[in-house]
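Heads up, the next two complexes both have chain A, just with different partners, chain B and then chain C.
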Partner chain A sequence: MISKDQVLHIANIAKLRITDEELEPFMEKFDQIIEFVDRIREVDTEDVEPLYQVNEDNELLEYNETNQMISRQEALQNTQEQKYGYFKILKVVE
Partner chain B sequence: MDITSLKAWEMKEKIIKKEISCKEVIQAHIKKIEEEDSEINAFISLNKEEALRKSEKIDEKIKKGEGIGLLSGLPIGIKDNIASKDLKTTCGSKMLDKYISPFNATVVEKIINNDGIIIGKTNMDEFALGDSTETSYFGPTKNPINKNVVPGGSSGGSAAAVAANMVALSLGTDTGGSVRQPASFCGIVGIKPSYGMISRYGVIPMADTLDHVGVFGRDVRDATLILDSLKGYDKKDSTSSKMSNSEAFSIVFEEDKGRNYLDGMKVAIPREYIDLVPADKKVQEQFDKAIKVFEKSGAKIEIVSIPHLKYAAEVYYIIMSCEVSSNMARYDGIAFGHRAEEYETLDELYINSRTEAFGKEAKTRILAGTYALTGSKNAELYQKAMKVRRLLKEDYDKVFASHDVVLSLSSKELPFELNSIKKTSIESYKLNMYSAPANLAGLCAMSIPIGEVDGLPVGMEITGDRFKDRTIIKAGIGYERAVL
Partner chain C sequence: MTYKTIIGLEIHVELSTKHKIFCNCPNEFGAEANTLVCPTCLGLPGSMPILNKEVLEYAIKAGIAFNGKISNLIKMDRKHYFYSDLPKGYQVSQAEVPFCDGGYLEIELESETKKINLERIHIEEDTGKQIHSEEEETLLDFNRSGVPLIEIVTKPEMNSAEEAKLFLDKLRATLKYIEVSNVKMEEGSLRCDVNINVVDSETGKKSIIAEIKNLNSFRAVVKAIEFEEKRHIDLLEADKNTEKETRRWDEAKGETILMRKKAGASDYRFVVEGAIPPVRISDEWIEEIKTTLPELPQDKKTRFMDSFGLSSYDAGVLTQSKDLSEFFEETLKYIDDSKLVSNWIMGDVLRRLNDDEIEIQESKLSPKALADLLLLVRDDKINNNTGKKVLKEIFDTGNSPEKIVKEKGLIQISDEGELKKIVEEVLNNNEQSIIDFKNGKDRALGFLVGQVMKASRGKANPQLVNKMLLEMMEER
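So, the complex of A and B:
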């Protein structure tokens, strides 16, 4: 069983708020999910390497080339608040 | 003649031969959308004026005898998680309901360069997290075959738009079956090519190691036509493969018309589907009937074992939710996306914006993924799932060493009723056992209609090895030739 505190801790990491009414049904759902996925523990994976990418020819590194994809104006077109050509956020340091 | 009921390749032939103009084609489809879409809700936004303007340009090109692209003026729908410059790209979410991408996805560029005409952006489950298109912020899409049932998901709008003749072809994305299951539910063909075949640059990510762009058409030839126009290496996508620069797949239709591709084909049927999750008897009968078609046409059928298939839904759920939780971290209300009106600190800005804008299923998967990535669970669940994934891939490698294709049902379920409880239950997660293995192992797979039960479509999945996409196309064409 997952505890209330565990759920609130995960929600805090994920930057989500769970209301008091949502908490109970969510804990129930979460327990079901954990029970569902826990079955993979029975698979013997001794000496098996994790598989992160199915194709071997993926280029994981990119050449460090400068190229302008979008303009500053375009980069800012979807923000709610901008100032002096930058995204405006709250002050986080005194 | 109702232009909209033609196959895409038939429309293309008529446009090129000047039997119909591209403008007539586009007008007919816009009319269809105006008549039908208020009820079906396949589209989130439309691009009518621009589509008409482009159709005139293409007619002009044809008149002048200029070269015409592969998609020659065909009307196309694009799933709304694919970035399109100057058109909204919402991902079916409140989070992005005002978002206008400053650039085109590579697939959008390719459609434009191949003279395809984008009619609109199609409805989807929020951030592609669903299998019924009911979690969309813009309301559910109805199945054109029967408006009381879902079209499947998450690419339900794209599938419904093709099935209702509102577009000739469409694009979807498939992370665990989101092209193949809606294709099956709407009675059309859906192809998810091999991982790395189509560029994902500009496709809003859900789960990076599982996401694919896929295509919809009314038959295999239609789906192959659009697949050919999209495939190919793209340096803007680090997961794009140079193996995708192969010869066009439509060569299958040009060489040996009428050839029986099923003759001698080595077909594998996994016993795990039979043993573990027997389908509805009537649905199973349709599958057995389709297998008989393969057999009669000279295919060699063998029952095989893919032992780790029985864990595929669990492995999929863990990897998917972990990658989802990581991808969703970008929605913080700063550079784009919904921003809450009330907040006092930066943390509150993040929390309020995300809590207000994400739907229930998105929140559930973000939290499940965060759980599986945090602390000791990372090794116990995420790393473990990645190991089982390797075992599953190796199971398939063994099967494909001596077989051409694997056949199964695309979904063991018939399209279910709208607002039924299935959409959020654990039972629905388990259904991914049919479609998710192809994503976990990067295999190419197609859903093709094989019949009906109680008036609802049933689809068969044809799965092939990585970069053997031509083989599944041949199997699909072979099946169509045998039954038509």
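So, the complex of A and C:
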């Protein structure tokens, strides 16, 4: 069984806020998911090389000079606050 | 009680490729904020990264130069954490399979050469840059987002601030040799974190490792290590060990400050970066990259020892910077005397460069000028001391040694006839010294030589003066 603290810890690093009412049902679902995914361990993978993607014979591409750069105005157009051409947010360090 | 310090370093190096790592935005320092960006490096939804071949080439060069084993499989992973300088919410890095495994660098200690082994080197993307203002706000610039980095992780094999400094010097010199990075700490293209703890040599008790960040210069690294050594020993002695923590160097206060308890690796929730297909690289390509590498400091050092008869220490110093080693070899083209040239470079030349805090190529001294100066010294046209004065003049004005010697009338007097009068006069004025000398006081001779040098305004050939004094005192 997953513990309350484990769920809260994961919520914390995922920057999610979980209310007390949500916690119990969350734990239950968490357990079900882990149980389901855990079944993959039943597969015997002894002496099997890991495969990271179906196609591993990929070529490295050389870059050409045409880039997809966008202007500063475009880069900043979706931000709520900006200053001197920077994205502006609340101060993140003391 | 005696304590042993254990230090491991994590060094981030920005590669000086033309483009960023996953998009072809220019990789440049110092542009106006948010002007070198595209949807990929801004982490906008729907954008797709493409691994830059040039980045791999640069990284592999570094891996070879640090004697590591290059992996044939290049695979990227996502490292998840939330921070404002990381727009995607994950950093593309290499977790499971780094492109380079192991490796080492050697440092010169006074009594021995010490090998510092590397854990691994991996590739990753740099984050955006944050400016924290006084007005409770943080400003974000994503020009740096997606700049290619290699992270070099050493084994915990350094035992003092001095060793860490030597390691960083060597690392920087090597990266500069192979021209894969600007390695400027002040521009952030070389950044270093220190992992440190101490162990009680008698009881084997260890303090808990602290990771020190925000070190902006090699001097800060040295000072932070010295500060931490003391803090860890104090903690052990008071039996107040802490949890594993991350601390920040505060330059103004000269101390480290607790930032946070360190996150465990599993908290980063590493997963394969599905948007970048893994690539297999051939041994042929790795070999091909190897052939493009210039002679590395270690190899050059060995060659300097073998072909110029230099000591390990001298060869080490002369090959520490590519420019200095080239200056040395260039000088030898004009004067075939490696011992003399190395002595002068190791002595007065390096001292002056240190004083002025400049590199050899920024100075007014050229290899030709140094060679011409040393020819004057070797052929007894000027004496050693005058030579030093002329060298200083070259550094100050950039004039040729011949010109300086001629204008200042510094040519050494090696003509016995010319010197005889001065020597006689000095002997006449210092009867007591002659008596002292005859009574076995050798110091008296040195005094007399000094007097002659003074009377000749430093221009007399000291060896000749020595010989003449002995002969003329004999006659008295």
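Keep in mind that, in the parts below, the second predicted complex is superposed on the first by the 80 of 94 C-alpha atoms of A that agree within 3 Å, B and C clash if a C-alpha of one lies under 4 Å from a C-alpha of the other, contacts with A are read in each partner's own complex, and residues count from 1 in each chain.
Simple rule for what comes next: a residue touches a chain if its C-beta (ideal position, glycine included) is under 8 Å from a C-beta of that chain, and two chains touch if they have at least 3 such contacts.
Because the structure is predicted, anything quoted here is derived from the model rather than measured.
Asker: Who does A:Phe36 touch here: chain B (first), chain C (second), both, or neither?
Answerer: Touch partner of A:Phe36: chain B, not chain C.
Asker: Once the shared chain is lined up, is A:Ile13 touching chain B (first), chain C (second), both, or neither of them?
Answerer: Both partners, chain B and chain C.
Asker: After superposition on the shared chain, which partner residues are touched by A:Met69: those of chain B (first), chain C (second), both, or neither?
Answerer: Once the two structures are laid over each other on A, A:Met69 reaches both partners.
Asker: If you stack the two complexes on chain A, which partner ends up touching A:Phe26: first (chain B), second (chain C), both, or neither?
Answerer: A:Phe26: touches chain B, not chain C.
Asker: Of the two partner chains, chain B (first) and chain C (second), which one does A:Leu90 touch, if any: first, second, both, or neither?
Answerer: The answer is both, since A:Leu90 touches chain B and chain C.
Asker: Could you let me know whether more residues of chain A are touched by chain B or by chain C?
Answerer: B
Asker: Contact-wise, after the overlay, does A:Asp5 reach chain B, chain C, both or neither (first, second, both, neither)?
Answerer: neither
Asker: I'd like to check the shared interface: which positions of chain A are touched by both chain B and chain C across the two complexes?
Answerer: 13, 15, 52-53, 55, 57-60, 62, 69-71, 75, 87, 89-90, 92.
Asker: Within the complex, which stretch of chain C touches chain A?
Answerer: 18-19, 23-26, 32-40, 42, 50-54, 56, 73, 75, 80-84, 130-133, 136-142, 263, 267, 269, 272, 274, 277-281
Asker: Under the touch definition given earlier, write down the residues of chain A that touch chain C in their complex.
Answerer: Interface residues on chain A, with respect to chain C: 13, 15, 52-53, 55-72, 75-76, 83-93.
Asker: Which positions of chain A touch chain B when the two form their complex?
Answerer: Interface residues on chain A, with respect to chain B: 7, 10-11, 13-17, 26, 29-30, 32-34, 36-37, 39-41, 43, 45, 48-55, 57-60, 62, 69-71, 74-75, 77-81, 87, 89-90, 92.
Asker: Which of the residues in chain B end up touching chain A in this complex?
Answerer: Within the complex, chain B contacts chain A at residues 98-100, 102-103, 195-196, 209, 235, 238-239, 241-243, 308, 311, 314-315, 317-318, 325, 332-337, 339, 343, 345-347, 349-352, 354-355, 358, 363-364, 366-368, 370-372, 374, 380-381, 383-391, 393, 424, 426, 429-430, 441-442, 466.
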